[in-house]
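Chain naming follows the written order as A, B, C and D, and within any one chain the residues start at number 1.
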Amino acid sequence: MVNVLVWNENRHEQKSEKVRAVYPDGIHGAIASFLQAPEVQVETATLDEEQHGLTQERLDQTDVLVWWGHIAHDEVSDEVVERVRQRVLDGMGLIVLHSGHFSKIFKKLMGTSCDLKWREADEKERLWVVDPSHPIVEGIGEYIELEKEEMYGEHFDIPSPEQLVMMSWFEGGEVFRSGCTYTRGNGKIFYFRPGHETYPTYYNEKIQRVIQNAVQWAAPVKRERPVYGNAKPLENITVKA
Amino acid sequence: MVNVLVWNENRHEQKSEKVRAVYPDGIHGAIASFLQAPEVQVETATLDEEQHGLTQERLDQTDVLVWWGHIAHDEVSDEVVERVRQRVLDGMGLIVLHSGHFSKIFKKLMGTSCDLKWREADEKERLWVVDPSHPIVEGIGEYIELEKEEMYGEHFDIPSPEQLVMMSWFEGGEVFRSGCTYTRGNGKIFYFRPGHETYPTYYNEKIQRVIQNAVQWAAPVKRERPVYGNAKPLENITVKA
Amino acid sequence: MVNVLVWNENRHEQKSEKVRAVYPDGIHGAIASFLQAPEVQVETATLDEEQHGLTQERLDQTDVLVWWGHIAHDEVSDEVVERVRQRVLDGMGLIVLHSGHFSKIFKKLMGTSCDLKWREADEKERLWVVDPSHPIVEGIGEYIELEKEEMYGEHFDIPSPEQLVMMSWFEGGEVFRSGCTYTRGNGKIFYFRPGHETYPTYYNEKIQRVIQNAVQWAAPVKRERPVYGNAKPLENITVKA
Amino acid sequence: MVNVLVWNENRHEQKSEKVRAVYPDGIHGAIASFLQAPEVQVETATLDEEQHGLTQERLDQTDVLVWWGHIAHDEVSDEVVERVRQRVLDGMGLIVLHSGHFSKIFKKLMGTSCDLKWREADEKERLWVVDPSHPIVEGIGEYIELEKEEMYGEHFDIPSPEQLVMMSWFEGGEVFRSGCTYTRGNGKIFYFRPGHETYPTYYNEKIQRVIQNAVQWAAPVKRERPVYGNAKPLENITVKA
C-alpha cells in the first residue's frame, strides 16, 4: 500500500472561471482521481487548510507527496517547507509538477534558482522519452504530444538530473528537460513539467500514467535510516607516536 | 512474474573439492535457491550446456539474467555474448556478480577494461551503503560485513556508475565501488562485487537480499521499444532557398 | 602543447562534387584549419592511408583524436579500432562528430547500438546549452542556430551522458542530446552532433569554438596510470581460524 | 589569471595553542601560501572581519572561493551566505574543505543535511583515486596516505556527486566519498574531505596539489549568463481553435 498526498495551492481554481471549467474539482481533485488504485491510498491537501494540510502527523503517514503550486509559493510557511524537506530526507517521495519548479520546497531541495524561460501561447509540446529503461515511462510510447501547453525553455537552472527521463520539444523553438529524477537523503524526487492550469493536461491518459508510475518509483525504501555523529571504531586503531 | 535465469560457469565446482564443499549444488544452485519466490520463476544454465544454455529462445523468455564466471571467460562464444548483449539492449536485466567483472558480456557493455586490483588473503570486507534511497538496499542496514572475502581494489576500470549504491572497505587497506548500476538501451545492469568461490558468501542473508532486490529492480519495463532509422517529420519544414 | 589528430573517412569528398564544393580540402582539412592555435599542433589522417593513418606510433603522440566517418565505418579495421580504444583508455581524448555516432570506435566505447532517428530535409537545428558551467561552452551564447542540417532524433541509444552539455531542437519536431561527455579509463570523450557533409556547418564560428573548447577539455591528465592485478596488502591482515 | 579568496573561520587558531602550533599563520594562511602561483592571485578573509570579509564587491572579484569552517558555522550571517550562493550560481567556483561539509553555504547548495559519521582517533586515512581522467588528480598517484586524520564515515548525506574523484579508506573500518564535484547554476563546486585543524594535512604536497588543481578546474567559464523569464517565440506558432 502506498499512501499518496496530493497537495495543491488551489488558488487559480478560486479566482478563475476558466480554470474552474477545466478542473471543477480542483487540480488536486483531478490528480487524486486518477491516482486511486487498488494498492494506492490517496488524499488531498490545499494551501488554505490549517498548516496547509501538512501537519507532522499527516506527513509522517505519507509515502509520496505530489506538489502543484504557482501564484502563492510565498504564502507557504517556511516552517511547513522545512517539515516537508525533513520528510523527504527521511524517505518520503516527492513529485513536483509544472510551476512547482518555483516552489520553496523544490528550490530548497535543489539549491539552485530553478528559473527558466516561459511563454503562454497555446503551443504544441512533445515530450520525448530519452531513458527507455526507466520505470516511470512504463506503458508510454516514444513521445507524448500535448496540443496546447505553456512553454518552459532552457536554460532550466536545476542541478544536473540524476536521471533524465524525458525532454520536451516546443513549437516556438525551445527544448526543456521535462522529466528529471533526484535523490535527497533517503527520499526520491521526480520533477515533471506539464500541467498549466488552463489546459486539460491532467486528463491526458499518458500524462496520468507517468504520474502513476512516478508514485510507485518514489515510494520509500523500507530500511533503517543511517546513523550520524560520533562513531566508535569497528577495527582496532594503532596508537601512533 | 519475473523470469530469472542464473548462469554459472560451473568450473571451479568441477575442479575443486574445496569449492564443492561450499557449494555442493554449484554457485548457480545456491543462487537459484534463494531467488525462488512466489512471483519469481528461476532456472539455471551453465557453460558446458549446448550454446551455454543461452539459446535465443531461452533468452527471449528471460527477464533478468544473473551471471557468475571466472576462469573460463574465454570459452564463452562471442556469438552467445552478442546475443546476450542484444537482449540487454532490448530490456533484459543483467546482474553481474564478483569475477564476472572480467566476463566478455560485462566488458562489452561497459566499453572499458574492467580491470582491478585483487588479492586472496582471507580478509574482512565491509560493504557500506552510500545510497540509502535505492530499492536495491531495501532491508539492508548501514553495512554488510563479510569475515573473509577476496579483495578487489580501486582503480576499478569501469565507466562512472549511474548510481553508486555500495562501497567496500577491505582490511588490507583498499576500497572498491561494490554495488554499481548502469543502463544500456532498454536494459538495466547491476554489478555486485562479493562472491568468491571458496567462501560461503551467497549463504549470507544480507547478500541474498541485495540480489533478490536487484532482480526486482532490473526487471524490464513494459513498453514498446524505440524506433530507429529514417523518420518522417512530425511538423512542417519550411522550404529554404 | 596539445597534439591533435583529425581523422576523416574522406569518401564523400571523393565521390560527391556537392560535398567537394563545400569542403574543398576535405572535412578534415576544414577542421584542422580552425583547430590550429599557438599551443595546439594539428595533423590529419584519412581512411585510405596505410593503417588508416593511425599507427601505434602516431596514436602514442596524439593527445586528442577527432573522428568524422559515415559511409565507410565497416572499412575501418578492427585492429585499428582496438588500438584507438586502448589509447583512449590510456588517456587520449576522443571527439566524435556527427555520423561518427555509428563508428566502430564509438560503439565499442559506449557498449550500445548508438542508433537514432535521422532525416535529410534541409531543416533548422537549434542547439541549446543546458550546462552553462561547462568549459566546452565557453564563449557560446544560449544556443547555436544552424539554418540547414540533417536531423538526428531521440531515442539516441547511448549510455546516459556523464555530462549533458547541449540539446538540439529540430524544425520537424524532434529533440536530441547533441553534446555529451563520457570518461572511459583515463580518457575523456565528447560526442558532438552537427556536421552533415553537405552543409557548411564546420565553417560556423560557434561550432568551431565548441570543438576548440572540447580539444582543451579532452586533453589527457598528466599522472601515472593505475596499476592492476595482484596486490600486496597495505595493512596487516589478521589471520583467521 | 585566477582570483582566489581563501576564507577561514579562524577560531580554532585563536583558542587552541595546539592548532596554532600547527598553523601559525592560520589555516587560511597555510592554504593561501601554497595556492600562490604565477597566474593565480590569492587573498584571504576570515569570519571576524566586517561582513566576514565577504562583501559583494570582493565576491564579484573572486573567481574561486575556498571555504574552511567548523565551530562557528552558525555565526556566518544568512545574508552573506545567500550572497555567496548567488555568486556560485553566477559562476564563481567554490572549494569546500573538511568540516565545511556542515557550513551553511554547502548545505544550502546541496539541499541535504550533509551529515556524516566522525571520530577523532589519530587514525590513518588513505584517499584512493577512482576517476583517473579527472584534472583534479593531475600529478596524484594511486592514493594519498595521511598518517593521522579525523575520520569521516558514510553515510555522507549529500546528493550523489556528479563526479566522484576520490574515496577514503579509514583504519577504523569506514569509507567516505572524499572528493566530490557538483555544478550549481554557472558555478562549479568541489568538496574535499581532509584537513582537521590539529593535523598538518595542508602541508602535505599531494593534498596541496589537489587543491591547486581544483582551483583551476573550478574557475568560471567565460560566457554570457542564461536569460530567464518570459520569452518571445523563435518560431511561428500555429493559431489553434
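Quick notes on this structure:
To be clear about the criterion, a contact is a pair of C-beta atoms (placed from the backbone, for glycine too) under 8 Å apart; a residue touches a chain by one contact, two chains touch by 3 or more.
Here the structure is a predicted model, which is why all the values come from computation and not from measurement.
Taking the mean of C-alpha positions as each chain's centre, the chain lying farthest from the centre of chain D is B. Taken over every residue number at the interface, the positions common to chain B and chain D amount to over half, indicating a same-residue contact. Interface comparison, B-C versus C-D: the higher count of C-beta contacts falls to B-C.
Separating the CA-averaged centres of chain C and chain D is a span of 32 Å. Centroids built from CA atoms put chain D at 36 Å from chain B.
Within chain B, the positions touching two or more other chains are listed as 126, 129, 131-132, 142, 153-155, 160, 162-163, 171, 173-174, 183, 185, 226-227, 234-235.
A complete topology is adopted by the chain contact network, contact being made between every pair of chains.
Listing the residues of chain B that touch chain A in their complex gives 91, 126, 129, 131-135, 137-142, 162-163, 171, 183, 185-188, 221-227, 234-235.
Touching chain C in their complex are the following residues of chain A: 126, 128-132, 142, 153-156, 160, 163-164, 167-170, 173-175, 177.
By the touch rule above, chain D contacts chain A in their complex via residues 85, 89, 108-113, 115-119, 121-124, 147-148, 151, 153-155, 157, 159-160, 162, 171-174, 182-185, 226-235, 237-240.
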